[in-house]
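Order of writing sets the chain letters: A, B, C and D. Residues in each chain are counted from 1.
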Amino acid sequence: MDYKLAVRDNHTADTIINIAGKAGITRIGKGYCTIIAGPCAVESREKYLEIALKVKNMGAHILRGGAFKPRTSPYSFAGLGVEGLKILEEARDITGLPVVTELMDIRDLEQVYRYSDIIQIGSRNMQNFSLLREMGRVDKPIMVKRGLSATIEEWLLAAEYVLCEGNKEVILCERGIRTFEVMTRNTVDIAAVALLKDLSHLPVIVDPSHATGQRNLVKPVAMAALAAGADGLMIEVHQNPEEALSDGPQSLTPDLFRQVVKEARDLAALNKQIFQ
Amino acid sequence: MDYKLAVRDNHTADTIINIAGKAGITRIGKGYCTIIAGPCAVESREKYLEIALKVKNMGAHILRGGAFKPRTSPYSFAGLGVEGLKILEEARDITGLPVVTELMDIRDLEQVYRYSDIIQIGSRNMQNFSLLREMGRVDKPIMVKRGLSATIEEWLLAAEYVLCEGNKEVILCERGIRTFEVMTRNTVDIAAVALLKDLSHLPVIVDPSHATGQRNLVKPVAMAALAAGADGLMIEVHQNPEEALSDGPQSLTPDLFRQVVKEARDLAALNKQIFQ
Amino acid sequence: MDYKLAVRDNHTADTIINIAGKAGITRIGKGYCTIIAGPCAVESREKYLEIALKVKNMGAHILRGGAFKPRTSPYSFAGLGVEGLKILEEARDITGLPVVTELMDIRDLEQVYRYSDIIQIGSRNMQNFSLLREMGRVDKPIMVKRGLSATIEEWLLAAEYVLCEGNKEVILCERGIRTFEVMTRNTVDIAAVALLKDLSHLPVIVDPSHATGQRNLVKPVAMAALAAGADGLMIEVHQNPEEALSDGPQSLTPDLFRQVVKEARDLAALNKQIFQ
Amino acid sequence: MDYKLAVRDNHTADTIINIAGKAGITRIGKGYCTIIAGPCAVESREKYLEIALKVKNMGAHILRGGAFKPRTSPYSFAGLGVEGLKILEEARDITGLPVVTELMDIRDLEQVYRYSDIIQIGSRNMQNFSLLREMGRVDKPIMVKRGLSATIEEWLLAAEYVLCEGNKEVILCERGIRTFEVMTRNTVDIAAVALLKDLSHLPVIVDPSHATGQRNLVKPVAMAALAAGADGLMIEVHQNPEEALSDGPQSLTPDLFRQVVKEARDLAALNKQIFQ
């Protein structure tokens, strides 16, 4: 296969990504258990700042929140755009935590770059090769989510697109693949996590929210991810999931999130991971 | 579901797309059998002009050829870029046939628009929503290829992104979906063709080359597509498939293409389609 | 791969199966277009004899009807059992047509053997290896339906189980595979038909009823199957599909079946197949 | 859906299965972590007794070993048959541990019943409905492995076939499903484990050996299974995997198995499961 930089062959040391924030340095990679949390989309300034503080106080290390949202239908809520980015910046200032948000359109790069600490390339853009190449020229970490039906090989080659342009800070995020099963939104490929930690030096995190689509499955799948060797989790949390503008059924309440963090902490200890 | 414009509910008449070229008007849609042919990628001026004339003389109605190629690996041949577009323009002049080529990056829109008659959105960009929206503001037909694991619903909603911005000329192209089967490159979803002709007013064509990945399967799958109700075919043809820079194993030789056209003509007659 | 008998390597001539019935010999294999028709299940003597005569008069060559039905739920109608077999026998006498019916349980072999001309092994038993081996010791043709997620290789090896025990009369029946698509019941793998006609000498028929699960898709998919090279079709027909005890939504009315036969006849003529 | 007995609606208490053996009672179900281990197939008396004692000494609670093996090709090693069953019995006597083995053919029921403590219905027979019904009339626990592409609903209905005939002792075993991914043998559906523990009262175990097909993935996937809530594991262990007659690449060496047991013990403690 055509990997050069994404695999261990020429890069035996694990890639550890350091993100400097007001609250200190946050690390992602082998040996650390890193929790990314927040709502699917930034819906309003008040709501976002409230949930950002909550998840911070419960133990989250990085904030998530979409300003540009990829939606299957052109008639669905597609995010607040730049206004949403500015809210993320304010949350970053207040909490001291770094933020990750999705870039969908290369024309928004300057703005997304300015307001975020990690740039997310979503599943639907995992083979948007010109976007990937551009990410290779940016000096911020890039989180590449697995495509809806991307093979592990294709996913690593998507990372390779970024790496080969010079950006060494790529994070892989498993978020479930598309199968025939209909009782869950996607099928989380837990073996891929273990396989990638073996084959690649890159950090691997798991998004149990999109992977399952069901609130009650988020905690067990999150624990499975850590037990399989994941370096962290990305979890959707909303004050009031019933009122969420997107992904309500899979969003945790703050109380459920607190339990996930507690159990993740215990499992990280068993795994000898540092829970920052 | 969230369709408004892509389905028959509010648009009972079949959409027929007329493309004016030097050789007259080429039509795509219900009642016509339209053949798009050419190599996967434009590889050189000489080779492209030669094959363009050949497929024209054998009965092709539209030329295909990639100038910007989406490649799984960053190290593969990715097309000649603008130089390739200029070769397409020359072929268009010489043959009098319209051309279709893929747009991958929104920043290339002006160039691709200038040199092509139909703009193709490839499988990997079927949910590149900002690209789709931009296509809705263009006054040329857009061919939306089905995503590698896109449901029929998602595919129609991708068309809806284009339609809802004002461009009414969308062509759907089935090119096979990803399944567990490994003896073919993809699994062509023949029932989707029939279902779409029933549900939607848009033209539907089938790409048996990408769908099967095997030269010897192109003709039978092409005939199956027409028998199922497809409005046309898009077929890869190369002077010397063994030397093709991409997709050699699925490219037809000119001789095989001639046979496909002959049988397509017979089947179109049985289906009472006009073979232009 | 482990094929010896199912592929052309050692058996270049196409296998043609001859089934003697009161109305003469019915042939299945290369060069013939054979139509198998009837309801999903034998529901009652009166209804079965009525529909059997209808489909015969409309051009069917072989009757189908389930006496033992594999049902996902233990609480669904599972067929009339031996009583159903006797009704099939009566229909065979009255129409002069051969019958095909499914064997699910090896303990029913004697009865199913006695009352049927072709024994069907259903999708769910495609890897019931002891049942397959037993079919190899029977002197009647065996129709092996493709498993719900069987690869082409596994399907050919299922045929090999029958062939290697000595029974040379195996018919392959494509009935759709399981994919992520939800708008059709299964995804018919049309390229598999062409690939098998190339790779194997065995007859290949297609069941567009189970493959699509939708009445309005049966005709276009049936035509696609013949265009791709299938040697015949197996189609569910019911006097009153709304009242069918199983598979109503995909069963054709007699009027729709008549149209399928008419178009199949035209396509067979184009393909130079004998429509018996 | 058509569940009555497999789900919690009418059966709120978790089903705990007690298997009496010479070494005492082994329990499977909520609150217990149960390890089933042994080679894929019983290959010879000497080798089986040796590995049986090894896995027992390392902490296994139940022995596995196939006497009747379902093989994709009719030309592969298919097990020792009744001779294999007798070796299992001897291993049971020597170790005091219960044994589980697969029943493929209803005609072998008497023998398999006689020599085993748990009867396994394999993936390929998950919808062999007459076999399932017969299992409902047996007074031993039945382990129903998930079909290669069975939905969770179909799997529960397979259990329902056993339960509705009167046998209340059904164990569900997740062993991976078929997807497009080719770097692992199957894709283990870890969310299904959590979902089933929520929806059903039946014990759920995971087979990380078949699920991954790769030795180095067995431990992380086994730990993921326990973290997701599985009640146990079924693991292939072989003295010398390179020489195994089947499933060598996924079989653990005894040393690797020892590590799995050690980590499973730690994780069971964290989960407050009894490791017997």
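The definition used in the following text is that a contact is a pair of C-beta atoms (placed from the backbone, for glycine too) under 8 Å apart; a residue touches a chain by one contact, two chains touch by 3 or more.
Bear in mind the structure is a predicted one, so any value in this text is a computation, not a measurement.
K.L.:
Please state whether B-D or A-B has more C-beta contact pairs across its interface.
P.N.:
Between the two chain pairs, A-B has more contacting C-beta pairs.
K.L.:
Please tell me whether the contact surfaces of subunit C and subunit D are same or different in residue numbering, using the over-half criterion.
P.N.:
same
K.L.:
Per the centroid of Cα atoms for each chain, what is the distance between subunit B and subunit D, given in Å?
P.N.:
Taking the average C-alpha coordinate of subunit B and of subunit D, the gap between them is 49 Å.
K.L.:
Could you work out how far the Cα centre of subunit A sits from that of subunit B, in whole Å?
P.N.:
Their C-alpha centroids are separated by 35 Å.
K.L.:
Please set out, as single numbers or ranges, the residues of subunit D touching at least two other chains.
P.N.:
As it turns out, subunit D has residues touching two or more other chains at 149, 153, 178-180, 182.
K.L.:
In their shared complex, at which residues does subunit D touch subunit C?
P.N.:
Residue positions touching the partner: 2, 4, 70-76, 78, 104-107, 124-125, 127-130, 132-133, 147-149, 153-154, 157, 160-161, 164, 178.
K.L.:
Which part of subunit B faces subunit C closely enough to touch in the complex?
P.N.:
These residues of subunit B touch subunit C: 149, 151-153, 177, 179-184, 187-195, 197-198, 211-212, 214, 216-217, 220-221, 223-229, 266-267, 270.
K.L.:
Which bits of subunit D are touching subunit B when the two form their complex?
P.N.:
Touch list, subunit D to subunit B: 149, 178-180, 182.
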